[in-house]
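Look at the two complexes coming up: subunit A is in both, with subunit B in one and subunit C in the other.
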Partner chain A sequence: MRAAAAAVTDVAVRSKDPSLTAALASATCVLLGTTTSAPVDAREEPTWDVSTSLLYYGEDGDRVRDLSFKSLSRRLYSDDRVLTLGLTIDSLTGATPNGAIRQDGVQTFTRPSGADAYTVTTGALPLDDTFKDTRLSLSANWQQPAGEKGLVNVGASASKEYDYLHTGLNAKYAHDFNQRNTTVSAGIAYAYDTIDPVGGAPLPLTPMLDVGDVSNRLGDKHKDILDVIVGVSQVVNRNLVVQANYSFSRQDGYLNNPYKVLSRVDGVTGETLPRAPGPNGGPSGQFLFENRPDQRTLHGIYTQAKLNLGGRVLDASYRYMTDDWEIDSHTLDMRLRWPVGPSSYLEPHVRFYTQTEAEFYRVSLDDSQSLPSFASSDYRLGNFDAVTAGLKFGWKTRNDNAMAVRVEWYTQSGTIPAAQIIGNQAARDNYPDLDALIVQVSYRFGL
Partner chain B sequence: MTQPEREITLRRTATGWGARFPAMASPCEVLLETDDREVAQGAATAVAAEAWRIEDKFSRYLDGNAVHRINSAGGEPVVVDDETARLLDFAETLYGLSDRRFDITSGVLRKAWRFDGGDRIPDREAVEALLERIGWHRVTWQSPRLVMPAGMEIDLGGIGKEYAVDRCIEVLGRSTDVPALVNLGGDLGVTGPPRRRDAWRVGVEGHAATSADRRIDLKQGALATSGDARRFLLHDGIRYGHILDPTTGWPVANAPRSVTVAADTCTQAGMLSTLAMLQGHEAEAFLERQGIKAWCRR
Partner chain C sequence: MKRRSMLLAVILALCAGCSSMGVDPWDRDVLAREEMALIADPLEAATDDHIYFSKEATSGGRGFAGGGCGCN
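What follows is the complex of A and B.
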């Protein structure tokens, strides 16, 4: 809700009509039976409102672990002008599926750097444990009223990790109608990202090569993203605020994951086609680097309602997304803020998510068929459902700062389309469930 | 009206002790810059006692008090005590200064208007009928003797809380030299600058989640706020604020959502913020003419 970001006038101290104040002052002296009072000394201080949080995200089975520190500092100036500065530092470690399928027998893979190889034990899901990165993100936003009913927001962001550089600009305008009970907004954001994969971006749908062989590696790649959003929010009554928006996103450029491969398999048995590793080591099977279309267009509809139920606030939202990769998703999110005592609250949270697989999602590449133009076995492009459930406890500290602890569980289970499962693959779970634990501690204070 | 439990709860704060108690249908607080629990307890008890005394004496909900005696006199003369007389004198002065728009007899309009966020607005006739029973000029006030036509009522709610803050500050000043802040439901005053920090930090709430709170550093004086984002009526998409103009019986058009004023005393701050609200869309211009420190939210 932005209705509140109304024009606040900080009236200057300049007396042009002192007669009323003088009359009031003398009437007050008579009322209180005092002769004089010490003159008022009050001033508004520009303040920093700082929100910080430390988040742990850990997938089970030695997969991804992320430790993330985030801070968002808002400085309020007069006339409702607000500067917001954001800083995030992420430290990612662990192993992530490289896209190949399970096999009976040990599998070896060349690392993305091309400098050496790693081994996956028999029957195990191939995970690349090279995954390790630190990301630094910075953002700055400036908000100010535009006219009596408008609010403008402009911002810039950048983030850097070892193989990735993001730069972005955004702008938003919101306008109030109907006694500020209705707010209509429109925003646009543009991002230009550079991907400089470890070892160079592989030529799509070419095989993973032996250690030391970089003949199918290219240099860095780019993509740009344009986002447009239009929305409306409405105060229905003192207990209900609803909002809805439509978003459009267009991604152009290099959209592949340079580290993901697909196993090339026998059309009858479903077993990975073997390959003899070179003298310095290399892949034990035929693994082709993935390829995705170089354009993606997404449309989204988001609706949200905030309902005050006698001091308990229910925040429910639903999002529908669809794109031309044929991924359709639905998200239902609900949280209920339940006051406990005068200065603390409990907030249960539950989120349901489901998506269909991308049109080019393949668990493996069937050797008896011609090679498709696009293929990826990235589990995030597959058909899966996920549930997040958690609880947050928040309280006011002795000096009125806000503290909160949130614990959540995330569980995801995916399904490979039956038509894609070939021969022996039926006996191996190539889309294992994913469980993760999320713990967040946050602290908000004023300076 | 049921009274909340009259209890004082003490808690340790970053710079001393804080005491909370309910009074005048609002949460109230005293902040004391002392580590001595006994001193804090004593001062807080004195403040709460004074706030409760004023509430008991001037609440229009209680039988047998000064206001009840006036409202139930049925047109007969009433002789009032000295404190009540001073409040009535003050109200009369404000009636003149505000061009009849600050009127302690306007409380009967509440019978027609209910500001609960709902959408019911009263009939014009009902409001017209009530206007017959409003107007300080219909009252004969010759201190200490008051004659008010039957059917009229006075309500000191528009002065009471701010007056109580100033009285509590006075009571504190006589009993201790510990720097203190008295907050009665958002209207507040200080005995003087604190010693352990450079100013009393007062947060002024924004009226929605995304609106950042503002911080006012107060060393001397008082703050009072008129207007409340939560008290309004919504009818046919028009928002009616809860500030009523007694000359028309209808809410003031285009009034700010809230006005916060800083002044030497809480009484002055409260009256200036109320007068500003009554100016409607000219509230800011009015405040600027007075040359006072004020924050106006639209």
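What follows is the complex of A and C.
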């Protein structure tokens, strides 16, 4: 290096040529490890890593549709410090099951606002088509080393829908052991959410009333959620890394879905008890708003393995969750990233999910029995299996950014406990099965 | 008390097992690849978490359960 510097100086001394002076400056910079072309340097070492995606989620039968834009921007500083900013904008439309059962006859319901009524045709699954919402979600996280082997991550999140506000804080600490082959982590998150239902939160287990009658509606409601996660990840060998987490979640407050009702039915025939709608319209049957316990505690075990199989990477995970609503779930998820050529890959994905029903899940309310303290016919609290199958194709663009397209199908199929089926209900399809198409296009670039 | 001792013994045995696993720093070429990260695509993972949070009774486990209404 000393010889090179001497040679450059020698050339400069012997010449007054400006181009040589520039060459000298440039060479000096190279020798000093600096550069005069800062923009090129910035491109070579991006400080922002931005992932963006457009998502389409659409359920069959004119049910929920979501068009969503998401971005996750990571500002990379030296010394492993990272700022991550997340943004999601969801545009939701479509119809959703209101919780009532099918009937051999037209059914009418009052909309959540109480200002109007809607009609469901004979034998059809009662869907509330009022549903339309825009959701904005923001998150910010800061990660930095703590000592030589520790990593701290703190963050905040907020999301707003027309009828819902979520605010949350989270913190996580990870510590490396055993030459960074073992990482033990612990995290805590707290959320405080406010729900302000359209038309007001209904008094639990009171009837859906006529259009214009909002006498059983209350104001907004709150819930808070505490999550704790502890985990360990372990490098097993050059091609295998595994992880195991235990998670605890405690939800307190208003856990009802304010838009869901249950049909009150005859104890012998299973038919919905009729009701005479008021002059401005209203429910054609007896429908009661649901009620759930105001507390829920969940425990979960999550295990994951990433295995390199000669360039193909298998990502397999299993999760078990159980809670005091007596919902147990098992989830098995597998992806295989399969390189196709030097800069693209295919990734098939399958996911199997199964859950048992909540102890207070009821498809309808038997009029011959006393009213239970808690009851919900929300299909998400029922006994169902779900399968996701999909394929992703990813490739590097000419400017070395990453593109990916994935298409997936998600299907839910549920069963009602036989003891809950009354009379004529046996001849009807009482569980609102679900089929959805998921298409996501993502683009990742550096700045 | 006996169960607690058993649990402690199992944890210690697992930790002892962990210390003999792993690789040297210069053997991390494969593990350092992006697709070998536990969450290889955070945006896709967040998308999936929100879809399943909205449609199923249980969520989270990999990370925090996430927020939102999920009323629809």
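One rule holds for everything that comes next: the second predicted complex is superposed on the first by the 400 of 447 C-alpha atoms of A that agree within 3 Å, B and C clash if a C-alpha of one lies under 4 Å from a C-alpha of the other, contacts with A are read in each partner's own complex, and residues count from 1 in each chain.
One rule holds for everything that comes next: a residue touches a chain if its C-beta (ideal position, glycine included) is under 8 Å from a C-beta of that chain, and two chains touch if they have at least 3 such contacts.
A quick note: this is a predicted structure, and the numbers were derived from the prediction, not measured.
In the superposed model, A:Asp252 lies in contact with neither subunit B nor subunit C.
In the overlay built on the shared chain, the residue A:Thr47 is in contact with subunit B alone; subunit C does not reach it. Put simply, more of the residues of subunit A are touched by C, taking subunit B and subunit C as the two choices.
Contacts of A:Leu72 after superposition on the shared chain: subunit C is touched, whereas subunit B is not.
Within the superposed three-chain model, A:Asp366 lies out of touch with both subunit B and subunit C [touch as defined at top]. Shared-chain residue A:Gln179: touches subunit B and subunit C both. Look at A:Arg238: by the touch rule set out above, it reaches both subunit B and subunit C.
Legend: residue contacts after superposition of the two complexes on their common chain; A:Asp224 is shown touching neither subunit B nor subunit C. In the superposition on chain A, A:Arg398 makes contact with subunit B only, not with subunit C. Legend: residue contacts after superposition of the two complexes on their common chain; A:Asn308 is shown touching subunit C, with no touch to subunit B. Looking at subunit A, you'll find residues 178-181, 237-239 touch subunit B in one structure and subunit C in the other. By the touch criterion stated above, subunit A contacts subunit C in their complex at residues 51-53, 55, 57, 64, 68, 70-72, 86, 88, 92, 94, 96, 131, 133, 135, 137, 157, 159, 161, 163-164, 166, 168, 170, 177-182, 187, 189, 191, 193, 195, 225, 227, 229, 232-239, 241, 243, 245, 247, 249, 257-259, 298, 300-302, 304, 306, 308, 313, 315, 317, 319, 321, 323, 325, 327, 329, 331, 337, 353, 355, 358, 380-381, 386, 404, 406, 410, 412, 434, 436, 438, 440, 442. Listing the residues of subunit C that touch subunit A in their complex gives 18-19, 21-25, 27-31, 33, 35-38, 40-44, 46-47, 50-52, 55-58, 60-65, 67-72.
Listed in rising order, the residues of subunit A touching subunit B in the complex are 1-18, 20-21, 23-25, 27-28, 30-34, 37-45, 47, 49, 74, 76, 80, 82, 148, 178-181, 237-239, 398-400, 446.
Residue ranges on subunit B touching subunit A, taken from their complex, read 11-14, 86-87, 89-90, 93-94, 97, 117-118, 163, 166-167, 170, 192-193, 199, 201, 203, 206-223, 229-230, 232, 234, 237-239, 257, 262-265, 267-268, 271-272, 275, 284, 287-298.
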